Amino acid sequence: MEQVSADDLLAWIREFARLVAENRDALTELDAAIGDGDHGANMHRGTTAVLAAVDGAAPAAPGALVKKVGTTLVSTVGGASGPLYGTFFLRLGTALGDAATASPADVAAALRAGVEGVVARGRAEAGDKTMVDALLPAVTACEEALAAGRTWAEALAAAAEAAAAGRDATTPMVARKGRASYLGERSAGHPDPGATSAALLLAAAAGTLAGGSR
Amino acid sequence: MEQVSADDLLAWIREFARLVAENRDALTELDAAIGDGDHGANMHRGTTAVLAAVDGAAPAAPGALVKKVGTTLVSTVGGASGPLYGTFFLRLGTALGDAATASPADVAAALRAGVEGVVARGRAEAGDKTMVDALLPAVTACEEALAAGRTWAEALAAAAEAAAAGRDATTPMVARKGRASYLGERSAGHPDPGATSAALLLAAAAGTLAGGSR
Amino acid sequence: MKKLINDPADVVPEALAGIEAAHPDLRVDHANKVVYRADAPRSGKVGLVSGGGSGHEPMHGGFVGLGMLDAACAGEVFTSPVPDQVLAATRLVDGGAGVLHVVKNYTGDVMNFEMAAELAEAETGARVVSVVTDDDVAVQDSTWTAGRRGVGVTVLLEKIAGAAAEQGRSLDEVADVARRVNAGGRSMGLALTSCTVPAVGHPTFELGEGEMELGVGIHGEPGRERVPLAPARDIAAMLVEPVLSDLPFDRGDRVLCFLNGLGGTPLIELYVLYNEVHRILTGSGLDVARSLVGSYMTSLDMAGTSVTLLRVDDELLSLWDAPVRTPALRWGV
Amino acid sequence: MKKLINDPADVVPEALAGIEAAHPDLRVDHANKVVYRADAPRSGKVGLVSGGGSGHEPMHGGFVGLGMLDAACAGEVFTSPVPDQVLAATRLVDGGAGVLHVVKNYTGDVMNFEMAAELAEAETGARVVSVVTDDDVAVQDSTWTAGRRGVGVTVLLEKIAGAAAEQGRSLDEVADVARRVNAGGRSMGLALTSCTVPAVGHPTFELGEGEMELGVGIHGEPGRERVPLAPARDIAAMLVEPVLSDLPFDRGDRVLCFLNGLGGTPLIELYVLYNEVHRILTGSGLDVARSLVGSYMTSLDMAGTSVTLLRVDDELLSLWDAPVRTPALRWGV
């Protein structure tokens, strides 16, 4: 199987940034419905800073690159999503280590580490109506596809699909974490903003991490 | 000629109170245009208190009755109109002295003293766009009618007419006293609220002071 | 109209009851609507009395206390108190050294305080001196008009004259300090929105989404002109320049800068604006010796601001810095 | 949107510049958006750091100074600060005796402060203890939710713990006082209008002319329920009763009552409401030992209020009364 390079990861990050910019207002609208209406602005501030941080000066190794993304998000996003997305990328980077490239299995394991970081930081469980509800099934789908011998591109597509399905599944849920939990029952009927941005993250991966953008 | 009794004066006061209540909102609207929109409320608060003060317990002598009206207005109206109308009635009462009744000439002289009190207190001159522009011509018209040998009722009618004309004459004026003066040129084009309430005072006099209400 | 009130007619007495409940150092004469120091009268100390229409809180009741006012009379909303109230306040605080009336220059206030002073001198023999503030440069001053309105300088005057009185100075000395403050201060205000008088129930004036009223009065009186909405840096210039040129203030002058909110203005906006105001002042060569940023003289729920500049010397500064303990201004004690 | 600002994106840095210009006792680290005491770090004194989203002024920058906070981190409007800011603040005030982080219970604030504390301990070896406030009874507390929000108690805690730190108490002792304050305090808020976030430009929520939002959060989060507009006496009951029954407060308890305005609320209304609140409290047999009435924890331009009750004992009272010198709270010095 092919290897994932720092360039692939960079393409992923850029595509994620592009999707966040494109969906900035939509994310904000979702957050206005059950949160405080800043998720689009928060994520956009973060991904804009990430682009500036990697522009020209992107670390050469996958692990270092992804860590840089994580520290930049932590330093610029604030709110709930900043530490969570930041932790995701920091753990991803730690898992990728110092190697020059990573195998799909390495990346899948790193994604799992990232999601575990999110859970550790935010203490949310599946079903709490958070980004975890998109991230967890995505990583599981990716691992299962690889275990079933599917291609890396297929595994990423499965992950993106699972993330989207996870996002949709948050709509009927009653939030138990984050600001939306203040609404109690009234949080049901709206998709979770963080799960929506997480689905964008996986969609970006599917379009880039298997070399799609090269 | 007939004499003016405390009952006549009481009828005047009651009629004035009635007219103020009836025109409360109109006075307020006028004041909203070039002042602070409280002239109707101020006058109404005052005349309501006056009615309460004289109800049952009205002093028997004209001078004392009118002084009571003055102190009540001073104590309840506030703003610019309180001290001015208060002073008007206080001076009127002083001029009427302790006599049990007053002749039309006495009343005309007392009205003159009242207006002089307003001028002394407010330092406004004719043409400054204030209540003085209604009060001054009214008193002059009353004096002139009596001097020309007209009846008391005719003199009071002339006074009321002159007050109304004086009120109308304030419309084009640029205010030089009171709140309206802050507007400078923009105060032109609106009748003065205090001149308007003063015209009501004289209209009430014409309908009552010559025994009209008995 | 959305307000935290009961019957609009009861706003003033109920707010006074609230002040009394919240501030054990103060007393309220409910019949006369007078807030006064619990320790009044103070023998041998000049008494300071102010007052005016309600709706400008914390002015004046929030300035009663050690080092500032001895009593404040609360009129109806935006209507001057009546002479009886001022007379009652004067009696309450007269400790034998005379009483200073601090009066904002509005026809109604001036006349009602004047009648009260006449009554006080006649009925109690108390010596009363009045100082009238007239610092609002939005209004043209001329002997042919009611003159400039009294606005922000009133707050500074009450603090500074209050300190002078607390030091035991004579009535003439305290009045002299007060007049110096008024002479050395100028103000200019601006509204982003109208206020709503409780008893009226709708906004006093209409202002479009893209408009501001420059030179507005604290009762919603119309201002100099209606201008398009502008950024804070332009607003700062619109307010500061007429103030600077009126006294005029000169390079090297030491000033106290008071940036006031009108009641509906969040503090974060006042600080954004203060940043601009301060920049203009220092850029004009003024030495900003002290500042006061907050909502101290309001106009009910009006969103807007006013800038007051006061030229200060060592004496006025030390009186400004002197201890004060009131609900709204408190330091040094 | 009508605000005294320049570019909405610059509101926070410009407000910080305004704070710095207005308050010579304070300094601002502009890169990290940290307001701190000019005399920080104070050797041997526990450092107090708080912070949160901007838009709540004077909280927290206005509480920096002697006897209260040593530093405050200003996030974007209604967005918690990032760990870098908190780390910078922690470094600035660490005088060797450790640092207390005062954190309002919002997921974002808790996580960002948590990361900062980890970084501080790893990078500087400073000992950091965090106290999280969660006093808002409008939100149901359960282990299955994010828990109650931190609101008005935060102000009281920062004053009281600040006094304890100023006395030279140890980090554990100061943290203990802080936790006692949080444990003994409860709050409830209500909005008459929405606020408008500068970068958004329109109101966060729509509220009809005849409606109020009961249990609203300080970022415009929806509350418990939308109820019809009511007079102050009913509003007082709606706010006080859930607070009283939650702790619960009992007859004979001594309490500090903090009636807070949300930014667009005139002081006269707060006093009208305080009159009602005080009446309910004394009618319930509580001893209102201290009160604080004013806009100390705001939500931009929101019209509305919150009531905070804190059960106090002699120690907490003497810490409350201890000298404080900050832009927003100042007494005894």
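By written order: A, B, C and D. Residues from 1 in each chain.
Here is the rule we use: a residue touches a chain if its C-beta (ideal position, glycine included) is under 8 Å from a C-beta of that chain, and two chains touch if they have at least 3 such contacts.
Computed from a predicted structure; not experimentally measured.
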Smallest number of contact steps required from chain A to reach chain D: 1
Taking each chain's C-alpha mean as its centre, the one farthest from chain C: A
Centroid distance [mean C-alpha coordinates] between chain C and chain A, Å: 56
Inter-centroid spacing, chain C versus chain B (mean Cα positions, whole Å): 33
Distance from chain D to chain C - Cα centre to Cα centre, in angstrom: 29
Residues of chain C whose C-beta touches two or more other chains: none
Per-residue multi-chain contacts in chain A, two or more chains: none
Overall pattern in which the protein chains touch one another (line/ring/star/complete/other): line
Chains that touch, pairwise: A-D, B-C, C-D
Partner chain D, residues of chain A touching it in the complex: 32, 35-38, 41-42, 45, 74-84, 86-87, 121-122, 176-179, 181-184, 186
Complex interface listing, chain C residues touching chain B: 53, 75-76, 78-84, 106-108, 111-112, 114-115, 138-140, 144-146, 149, 197, 199-200, 204, 217, 219-222
Contact footprint of chain C on chain D as seen in their complex: 2-7, 11, 14-19, 21-23, 54-55, 57-58, 62, 192-193, 209, 212, 229, 231-233, 235, 259, 263-276, 278-279, 288, 291, 293, 295, 298, 300-301, 303, 305, 325, 327, 330-333
